[in-house]
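Here the structure comes first, spelled out in structure tokens, and everything after it is commentary.
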């Protein structure tokens, strides 16, 4: 049985994330959506909110679960005996950073193999920060986030 | 059971190729090293030579086999009911071309999922064309190709 | 009245080209699709065939015409008193080459302003060479070229 | 009549910005230099100062005006019935970000066509942040900002 | 006699930095490791700590010294009558930023020639921020920083 | 005494090449412009013509000489006891290829240190192929090649 970890901030989870997770779920037996806990980074959604939104978004995928972790990614990979870290690439600048992190993670733990999937063309411009920016100005986020969590995100930004 | 295809010219197979194939063999149940037959492209090694060298290089990997195919990659993927195309990325320009091919292949056959692995740092500069260039001037190709095929390649270029 | 020139090989014209031309036709009063005549470059379609396919593809755009030219692009721009060269960008490597050509053209003729449009996400992987590659193996080019010229391209490759 | 919008922080306007605006003024009938109001981003110059400097810099261009806006760029484009968003590209990393924003803006409003101009070679390294950095250390900003606002910027940083 | 300056934050000095400095010491008669003082940027190590670590790391290189400076790099270069600024490149995004800084520095002072060295493949993923991130979670930084300062860095993060 | 080698096809030498050579001559005691002999590559100018043009272009630089070599660059570097290979970078795609060659050369001979200089902004678009293309259509190559060889190049293409 092969296990893959999809790490990220998921602040909030987007259509682009879900596309990568869905395809990972087709390639691996078990997929863990891992929400990273980074005390230094200010997020729009709390850890609990991000986990809730992610859980709703992947509810229809039986071999996908949601977890969170504070610390080095490779330690989590080790603990779970995971076989791969899955990352979606949208653009070259993504690639460069991801490439360096993949090398660094392999150095820290040779088991930590990173697998890249290229984002679907129609999701190339989708990012959590774009979703937050549009939502904060009351623009339409339809198609940018999974349909089942659109209302939750809209409501959240309307409160600000 | 998950099957992955590693397509390429393998003219000849390098240490970089073998690194990607070995890692793919750890992630998938069955890996096919697929030598592409491109009548228009002039190669240094014949199809048979390339297949021979590749077979020697992967002989120690029980779940890896070598095949060749002329035609569209997606048709081969379909025929083998493969789950993924595996590609190694060495650099950004690789990435850009690979990204476009991944989108094109997915358009031709939605089943054709492409998975990218990043080449190990020490293999970043290794390519078949570098091997051919160095070997043709009688330089040392040690470390650039699998040890078991070094002699075969050296001999082949010495004959020219 | 502002005139723009869209230069290229158009071997053959693709959905990506047509998208750029259509958008240019919305920004400029007159758009010239300029097929470059490069004696050194071997093309799959003759100059006449490329012009025919392009004319069919833009027939519905009243302010677009098709022309061809051998020589320096800036000389054509000067002759037509054109205001801009329009180029579509699909990827970074496109950008880099285009950037250098734009600087070179501006040096040769300060009037020769280059305007870049970014290809629609869904056309990002479409290129003439991909179309030729798929068509030559009998794969489906539907969606990759304007519908009205699909048959002409298919027939052309079936004859080979 | 075609209208183009040149959005940015303009903190402060540079020779590079002015080059792009001047060329846009040659391609479009009306050009709006749009200073974005982003409450979250700390700027060196206030909104009023940035607008003043920009107005002085474009005073000689009869079809250029300066405005500011808080909200989504596409909403401003809609309100003004603008035909294009004009962006200058200095480098690849610019391109990648701009490419994603162009796709995002087109998704939010299909009218919002983005047009890219490549920065003149001699302005490739000019940016507002470079100007601020040099000015804050009392270095020479000559050639980096329009001549008519050099004194104003120097005075502003001397007060700190 | 040729003098080169290696500027940076060195927060802390890494194996990658040391590799570049060592190679610069082989190309130039005198090399100055210049720690930049940037009041606005929050660092993990104080200026004194960073200088101490750098001095320990280069103690075995007789023609290398450590200095610090607040202000424009070109002014320091002028003051020292240095012949070159040496920068290590790890990746493309490095390159783009460095390219713009090199052009800017040359504009500010035509004497300020920038020389780029490419980071050794095995150091490609090493950066000060990676070192800080790993050390702060108690991970192993062995091989990422010069051996003689490993303990000092570990101790420093254990105190937090 | 430090020796640097500037390798290339120089088909023909351009203003961009001369800029890099001139700057290398300021950093190193002895600079060798090395014209590579590549039997497989068809050039517009013969080896002798390329050497002649290069010699004329560097005649005013006392510490620069012109040589040619067939074989692996690292072997030439070894034979000359050179300290550095100097390469000019115009763009990112240059950088990527150069980066891989620098790593490959260092692997073949650890002595072979590669030093990169960034092309002056105004030469960013200048390349031998652009010069050939413009000259073949009778366009002006003024400013693209050293003044002292303009006539020789013009005459050469007029004969075709």
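Each chain gets a letter, A, B, C, D, E and F, in the order it is written, and its residues are counted from 1.
As a convention for this text, a residue touches a chain if its C-beta (ideal position, glycine included) is under 8 Å from a C-beta of that chain, and two chains touch if they have at least 3 such contacts.
On a predicted model such as this, the values are computed, not experimentally measured, just so you know.
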item	value
Length of the shortest touching-chain route, chain A through to chain F	2
Chain whose Cα centroid lies at the greatest distance from that of chain E	C
Chain F against chain C, contact positions shared by both copies (same if over half, else different)	different
Distance from the mean Cα position of chain F to that of chain E, given in whole angstrom	30
Cα-centroid distance, chain A relative to chain C, in whole angstrom	38
Length of the line joining the C-alpha centres of chain B and chain D, rounded to whole Å	47
Residues of chain A touching at least two other chains	92-93, 96, 99, 103, 121, 124-125
Chains touching one another, given as label pairs in label order	A-B, A-C, A-D, A-E, B-C, B-E, B-F, C-D, C-F, D-E, D-F, E-F
Residues of chain D touching chain E in the complex	90-93, 124-127, 130, 134, 137, 139-140, 143-144
Residues of chain F defined as touching chain B within the complex	71-72, 74-75, 92-93, 96-97, 99-101, 103-104, 107-108
Touch list for chain F against partner chain E, complex	2, 23, 26-27, 83-84, 89, 92, 95-96, 98-99, 102-103, 106, 113-118, 120-121
Contact set on chain C toward chain A in their complex	92, 121-122, 124-125
